[in-house]
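One structure, as structure tokens, below. Some questions next.
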């Protein structure tokens, strides 16, 4: 059967509306978030194609030109095109935030599983460490780490990742403790299944749903943290194109009336963070529906 | 009661290892930082001999374990040492800067609650309506706006173009804080000194920074209040009250909110961490002479003792507040006093 | 909500019940800056802002009048050069008292210098490199015995480490940071002002010193307000929250403030220079041809336009414009952005499009202001425009930066210089003399150069010194231990009604003559 693009699109829309009817507004929140994310990700992926100029090019046009037909978002004081820097900047922030989230989740989930399953003194010690880090202001710890490491994409991701490990740890450990008591786990143990199998085959799949929600919220938070760190001048070298850094460099021109240097980076940071948050909110409502809601 | 006491003691004792963990992390992070503070301190013309001598003096040549041990001992004696860069005790620096941050975070929290709690309650009341989604959207968006960006915007719009509020510092240049400074909490100090003009000045300087920080954090509070209110509104006693004919608005805002308030209050304690993180960024934007700005400046200078001192103080504050929160929780909900 | 309102009203009532606030009938000037005070101790402070406070709170034996660059007697009335240039006998002004009433005499001078030597603070080399010992000849005569004749010794004496401090107040063996650490808790000095209140990073309040021997200041109180960043300070100035502001502004702020009708601009030629350093002991920068090649590619006007929006002046020699013996040697030798010449020179050293000269180019992000990032980016683009260089830009905070140059980690890096004393020697020997060069991480060493420096330091004859400095500047374009880039202009911005603000290349700002007009 021939599927033209329009029929395919029509089918997708129909599917979506059905889901929307089933889950309510939350579904549309999720979709909105997903659209934003997909948009920014595509922008990042196809950056070299869609960006009108090279983000490092210092001869793209007049200095500090306001947004216009030639430069949709204006130029900065080194005559670089702001739009191109925004497009390429998406790569940096997405790269760091997602890398950090992946690092935290891998470490946090595995530590949570092991600690929750193993129990005893080991668990107590780990929980204590994780609680200490969790209760401490994350940004401040990230600042200390970022200042300690040499500026670079991997290092800033590490600095950001460290502060979210406890979130995953606590969530997974809590669930592990509950699931550990379940009958089927006891049964598995009775037939001699090793701990690793139990953790990976029995516990982990039950945990994954909530972890997914936490992951999206994690990315949203990581975006904010990365932007804050680079705004403060920590974490990344200026050879990398980054929204937070452009914001920091641009703010001194604000009183002179050159608003475009900070408006666009700030708006993009907010937009991307909102996108992931909405995805997370929508996901959490759908995966854990409020059954008693009228 | 005996149970409660036991809980309090147990919980207090738990604070110690938590602090210990944090202090150790701080020590490791700070010591591992690249950059030699001694040569920075001594200036470009200092010969090698003098640098070595200074390092010896500061004990930087001892093995890391020994330094760690003496660091812990010093903390126990509440001696945070001397700043490496600027011959001043860390304690005196912290004592100067801490009140500024406390004042900022206190009023920011106030605004955060004044905005977040009513909106959250309203959203819970009108759940699944346009208002509910609107408020939730506002909550999400405002939290995702970088606090320094919002600060800049407010500075330009309210501070410069409309010229309503000052944009930096705790007092105007012509109000001399030395005339009333006693505790460092200027609102309190000006009231104690009876200096109305200064009080007005201090309050107006608090507006922009606290509104910036408070608004951004209200996003979380909206979510929290709404979630808690939804739980409370489902409760049987609410249904019963409604059946008895109590006016709806009174029901929601008096009975339900008051019942939800305690978990909200305790959750407020947990938000202190986020508040302090936000304060660091707010202080930079508004030239606020607090601990956040101090931390950043000293990181640039590699002033180990001050950096450690600042983080230690943050850690102690967090530990204390979470202790208080847990105790309040245990007081209210006996089930938690295991 | 109602209870909150009630509380607020109660607070207001309580406040009103007390007496009204104090008003300041005194003439108060408010001065904003983004600089920071370091140690309130002339034996250790080595930054221009703290020195500026010292100019107003202390006095030297000799000094510069406001806005001028010629030395005049201050605490000393005259001096005599003896022992073939190795001895200087200063006759001190009599009847001078500290602000606590104690007398000032030759013993105080000796005690001060001995203390500087003993404490070995940052700027102590200004004393220990030159002075062997200090002798008290009589109550009003003090003799400095130098290690070698130094032609510019009086300008050294005008620097803060030489400012006499009271032995009753300053600890003999400790460098102090805050005035509160002094005996009596107050800073006692010989200058036109005394420190009334000191709140680090917030404000320092100075008031007129009634015991000052010289002319009374035109204002009663000076409040120095510290700002975290230039933008906020600029806005505060425009809103009228401060009377004048000095150091540092963003280039965009300078442009806007210059155009503003409400603000007056006071511009001075700064002796502040910025330059590129080469690590002369690291290949390939051991080869002076390579250094020349890199120097030729620097395009100063472009940097000034892009990074500084037109402020600051291009600099073609390490000796700044406006200083005696200045020559535009680099302009004659290389011009600006001379891509052709750069390629030729680098080709001689074996570098071309297939074999590019690769190096790390370092800068420090906050010590010199946040224009550094842009300056590094523009220079990188300029170097790479030749097609034969590949540059990696790196940065390190000041603490690490100094460490790095000491450890010879940075092959090419940016540096800046505020002079300690106004003499071409301070701009040349400090970078190309063997000792100075090592101290700044350049490690350039040539006995011929060292001999020339020794000569000019000893020779009191101006014509001879001039000849030596001109030769040195010429040789600089051949050996190129550093590449001068630009010279900073000084800007003070003030409300239109302010009078008496004078800045000079000495970077000395006297608060005394400043007043608020009507």
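For clarity, chains are labelled A, B and C in written order, and residue numbers in each chain start from 1.
Everything below uses one rule, namely that contacts are C-beta pairs under 8 Å (C-beta built on N, C-alpha and C of every residue); 3 or more make two chains touch, one makes a residue touch a chain.
Here the structure is a predicted model, which means the values were calculated and not measured.
Every chain gets a centre from its CA atoms, and the centre nearest the mean of all protein CA atoms is that of B. The chain pair A-B and the chain pair A-C differ in C-beta contact count, and the higher one is A-B.
Look at the CA centroids: the one farthest from the centroid of chain A belongs to C.
Separating the centre of chain B from that of chain C, both taken as means of CA atoms, is a distance of 38 Å.
Chain B has its Cα centroid 24 Å from the Cα centroid of chain A. With centres set at the average Cα position, the gap from chain A to chain C is 46 Å. Contact of a single residue of chain B with at least two other chains is seen at positions 34, 160, 284.
Residue positions of chain C touching 2 or more other chains, listed in rising order: 229, 235, 238, 366.
Of all residues in chain A, those touching 2 or more other chains are 251, 254-255, listed in ascending order.
Here chain A touches chain B in the complex through residues 24-25, 128-129, 131-133, 135-141, 143-145, 147-148, 150, 220, 224, 227-228, 231-232, 234, 247, 251, 254-255, 262, 266, 269-270, 273-274, 277-278, 281, 290, 292-294, going by the rule given at the top. Chain C makes touch with chain B in their complex at residues 11, 14-22, 24, 28, 30, 32, 38-39, 46, 120, 122-123, 125, 175-178, 196-197, 199-203, 205, 223, 225, 227-229, 232-233, 235-236, 238-239, 241-242, 366, 396-400, 402-403, 406, 439-440.
Residues 14, 17-19, 21-22, 25-26, 29-30, 32-34, 127-128, 133, 136, 140-141, 143-146, 148-149, 152, 156, 160, 230, 234, 270, 273-274, 276-278, 280-281, 284, 295-296, 299, 307, 311, 314-315, 318-319, 322 of chain B touch chain A in their complex. Across the complex, chain A meets chain C through its residues 56, 58, 63, 77-79, 151, 233, 237-239, 248-249, 251-256, 258.
By the touch rule above, chain C contacts chain A in their complex via residues 229-231, 234-235, 238, 250-253, 255-256, 305-307, 309, 365-366, 370, 373-374, 376-378, 381, 392-395.
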